[in-house]
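Read through the structure below, which is laid out as structure tokens, and then see the notes.
Letters A, B, C and D mark the chains in the order given here, with residues in each chain numbered from 1 onward.
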Amino acid sequence: MKDTVFKGIIAYPITPFDKEEKVDIVLFKKLVERLVAAGSHAIAPLGSTGVLPYLSDEEKEAVTEATIDQVSGRVPTLVGVSNLTTEKTIYHARFAERAGAAAVMIIPMSYWKLSDDEIFRHYDAVASKISIPIMAYNNPATSGVDMSTGLLKRLLEIPNVTMIKESTGDIQRMHTLKKELGEEVAFYNGSNPLALAAFAAGADGWCTAATNLIPELNIMLYDAVQANDWEKARQLFYKQLDVLKFIVAKGLPRAVKAGLHLLDQDAGYLRSPLQPLEEKEVVHLKQILNDVTQM
Amino acid sequence: MKDTVFKGIIAYPITPFDKEEKVDIVLFKKLVERLVAAGSHAIAPLGSTGVLPYLSDEEKEAVTEATIDQVSGRVPTLVGVSNLTTEKTIYHARFAERAGAAAVMIIPMSYWKLSDDEIFRHYDAVASKISIPIMAYNNPATSGVDMSTGLLKRLLEIPNVTMIKESTGDIQRMHTLKKELGEEVAFYNGSNPLALAAFAAGADGWCTAATNLIPELNIMLYDAVQANDWEKARQLFYKQLDVLKFIVAKGLPRAVKAGLHLLDQDAGYLRSPLQPLEEKEVVHLKQILNDVTQM
Amino acid sequence: MKDTVFKGIIAYPITPFDKEEKVDIVLFKKLVERLVAAGSHAIAPLGSTGVLPYLSDEEKEAVTEATIDQVSGRVPTLVGVSNLTTEKTIYHARFAERAGAAAVMIIPMSYWKLSDDEIFRHYDAVASKISIPIMAYNNPATSGVDMSTGLLKRLLEIPNVTMIKESTGDIQRMHTLKKELGEEVAFYNGSNPLALAAFAAGADGWCTAATNLIPELNIMLYDAVQANDWEKARQLFYKQLDVLKFIVAKGLPRAVKAGLHLLDQDAGYLRSPLQPLEEKEVVHLKQILNDVTQM
Amino acid sequence: MKDTVFKGIIAYPITPFDKEEKVDIVLFKKLVERLVAAGSHAIAPLGSTGVLPYLSDEEKEAVTEATIDQVSGRVPTLVGVSNLTTEKTIYHARFAERAGAAAVMIIPMSYWKLSDDEIFRHYDAVASKISIPIMAYNNPATSGVDMSTGLLKRLLEIPNVTMIKESTGDIQRMHTLKKELGEEVAFYNGSNPLALAAFAAGADGWCTAATNLIPELNIMLYDAVQANDWEKARQLFYKQLDVLKFIVAKGLPRAVKAGLHLLDQDAGYLRSPLQPLEEKEVVHLKQILNDVTQM
């Protein structure tokens, strides 16, 4: 298999803000520490959960450095560096490499829908400027473009594009990728409610923000998969399914922040226009988290 | 669990026609015999595969009787009796029960999109006229209506609605049903490319026309699932995936007929407007079937 | 222009049933008479409004004969003869021609999604058996297949396919058809809420069930279009828009029946599983009809 | 009617780049001059056409100032100030006001899908910081969120939200807005292929990048509408329809740049990842532009 550095549970921290909506780096480091301490197999700052697109260049750099400093080599770090322009994507990818990231994650953000050639050139331009591996991320719901199996095949010809994260929410896509791209590539599932089906399909890891709230259940599910104990995997999946569906439905940054607070962990503020969940939504989440704990 | 009579591989025969496009009952019985002999756990005539909506009342009755006669109690029989009008659905459901069907399958066909109340009344009216169990079938692609989890919950209050067949093609739906409707209900997967994911999610059976072409692979997959050997299940699934995707993409009656011919089994003619696959499609299917056999 | 026989408001009667859900031909003829008397430019029985797919062969024949008898040549008659099988479509098309229909309307009904070749063969087979013109009808929401501009172009090569009815609900489709198929073909709009936009795009007629309830407004709109008085056309369109949206949202047979009753016109019963509108829906329709009348 | 400052053809300039992909302000001013000279009724920089999201804060400010300087009060200016965060949106809206913009256009950009309350707060926060009118822009394809009629009604309660631009591409939406929001609000169509249907529905203006290529046809269409000469309006619409469809299909910045070059007007470079149209696409555009000129 090509050079892959991740397996298991890849945990996505939120980016907390202070009351004035400035990034709170001290609190961020505490939230990263929780994820590492809970047994996460990797840490992935500056994803959708980390509200990457809402941050300035300087804020992205501070978050990158804070993550690598806090994780301190205990597990590998996957840094999100996606940007609308190629120039800025290169800029952040190089920064992440210099800062010590194990790999970078890149989604082809597109205000104007990009052609296959434009996407290929974009990845190729970035890849040629760094030495660490790239995880190509497909999520049409946020990027506005759905990368075909054929395009992903092309991207994998770029030497340091070695991993694929699939978040269309359609398990049939994962099957097709696995079947057509072969065993040489590492696949990561980015759709929380597909966790079980993706592992059944052969995914190497699960990219998730749920680890902020239910790390044991996430990791036990992966352990059951590794042990080929599918009856247990299924039980663990259904046990956590309501949490997975809730955080996806409400938006990961909002839902994780609310959940952390319910778990007595300060999670700071959101940046406008994002607002906290409504009270009734928080009550619903509390009920769900209680059910999970009691089961 | 409520009264359920099926598990494992529920095989759907095609309805073959002669050169004048009349139903060929003699050939149909041969095709049913192949399915039983191959180890299918149940036989389901008059499904989409059996081109139910293209048949006259008399033809449906002849196919029902021929199935039950040929199967002769070796495995249970699930007869499709769906119809646009409630009156005709009752008529065919009663016929199937008298003929000896173990259960009937009903999809809420709808030229005019039906309300939840209309669908409930439809099932309730039919259920009150028969004693055998009903499998409620959700497939918005063919019925034009997508039954919500809430509606399915209502349908399950009708005593002899005991089973649900799910064919939206979205594994998340199966998870939701399983989670919300509970362990009391039997679930069957009707989406071929979701066979692995549905078993992972806890499906009790797989409704499929693929058994006409690759019965061993279908049954071995189910056996691996039963043995909790998921590594093997995954390998078997990927081995047959191209066949599953091909028959779905090309239309089950056309694809099964072409496949049977490639396997040296006469499958008769189609009824117009349905036409045989084009030559290049047949060549493609031949390649896929060869690959499956060699692996 | 090819042989076209319709223009203006093509009115679709419902098919009323008696208490035992048998077709009520006497009442049907009264409803047809209302449409003719109101000034409709053509009468189209056995459309979706007339619940064609819910009727037996004998019932379709009775409705066809009753229409032609009642209209008695005052305006042309367009009879729906669509059927899942080619054989039955030919059967009903020939019946309509013998009975005296001016033309037949055919939608490519498809339980199994038909290929372009299958659709072409279907139309060609029917067309070769009759001498009267055919209106090809595109409505993917009910037929399950969306005929491309290229396919419609092929269909128009068949001599007696001379008219196109477009009901995708997307005005851009009408623009494309008009632009690519040219001035030689007659186009009819089958999407009620697009009435104004379709006339702006150059449609020759409007196929509608609204004429059962608001014939004056339908006809006045067409008259304003003919007079190139677009300010008036727009006012008339907005005046009737709520009625158009209501009957589409609730299902034409249910909504027209309820509306006729509000107008003190008996409209009989529906055939199960179709049920009458709920009381609150009827109240809403009453309000809408009152508003239209007062304006 | 509330305070509205635009009518007719609102022209969107592209933002040209030099070879190093830096904004070319000198060339930008020439392109703005062309639009004013051609008779555009307003100029709208920093829209999707102007690749707003690909620009830095400083670049946006330079483009804003250059527009207002060049237009020099001959027609009103509508400046795009949308941003993912509320803080940045306020920042750019205030800048535009100080620079002399007649109004600002704001689309609720959303990486994380925003709730109605979040969108309302966003507009309200911006509106409270400026005195000039705001055009609320609905385009789910680029913003990721589809503002309902009910939400737009709420937004119109904010005193300086006075105009709505609708770009869903569904003419039925325009009808509903017009019907439910009333005559007090100004509506602008942002979907090029709906130009005719939107004017038929009562739109006050047409926001378009086509004016960079075919200003006469755009303006003649509006003039015909104003003169209530719909036969002419229809002819003019069909004459330019292929251009409208081409520029939408290929992406406005790419297509306008290619078209300007075909018209012997330098349009600079694009910013990566956006790349020029392929040669065969340029040939196709040349053919379309030739056809339009000859007709």
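The rule is simple: a residue touches a chain if its C-beta (ideal position, glycine included) is under 8 Å from a C-beta of that chain, and two chains touch if they have at least 3 such contacts.
In UniProt terms, the chains line up like this: A, B, C, D = Dihydrodipicolinate synthase family protein.
Predicted model, so just to flag it, every value in this text is computed and none were measured.
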Shared interface partners, meaning chains that touch chain A and chain D: none
Label of the chain whose CA centroid is most distant from the centroid of chain A: C
Approximate Å spacing (C-alpha centroids) for the pair chain B, chain C: 35
Intercentroid distance (Cα basis), chain D paired with chain B, Å: 52
Chain A-chain B separation of Cα centroids, rounded to whole Å: 38
Numbers and ranges of chain C residues touching at least 2 other chains: none
Contacting residues of chain C [partner chain D, same complex]: 169-172, 175, 178-179, 193-194, 196-197, 200-202, 228-231, 234, 238, 241-242
Footprint of chain C on chain B - complex, ascending: 21, 48, 51, 53-54, 84-87, 108, 110-115, 117-119, 121-122, 125, 142, 144, 251-254, 271-275
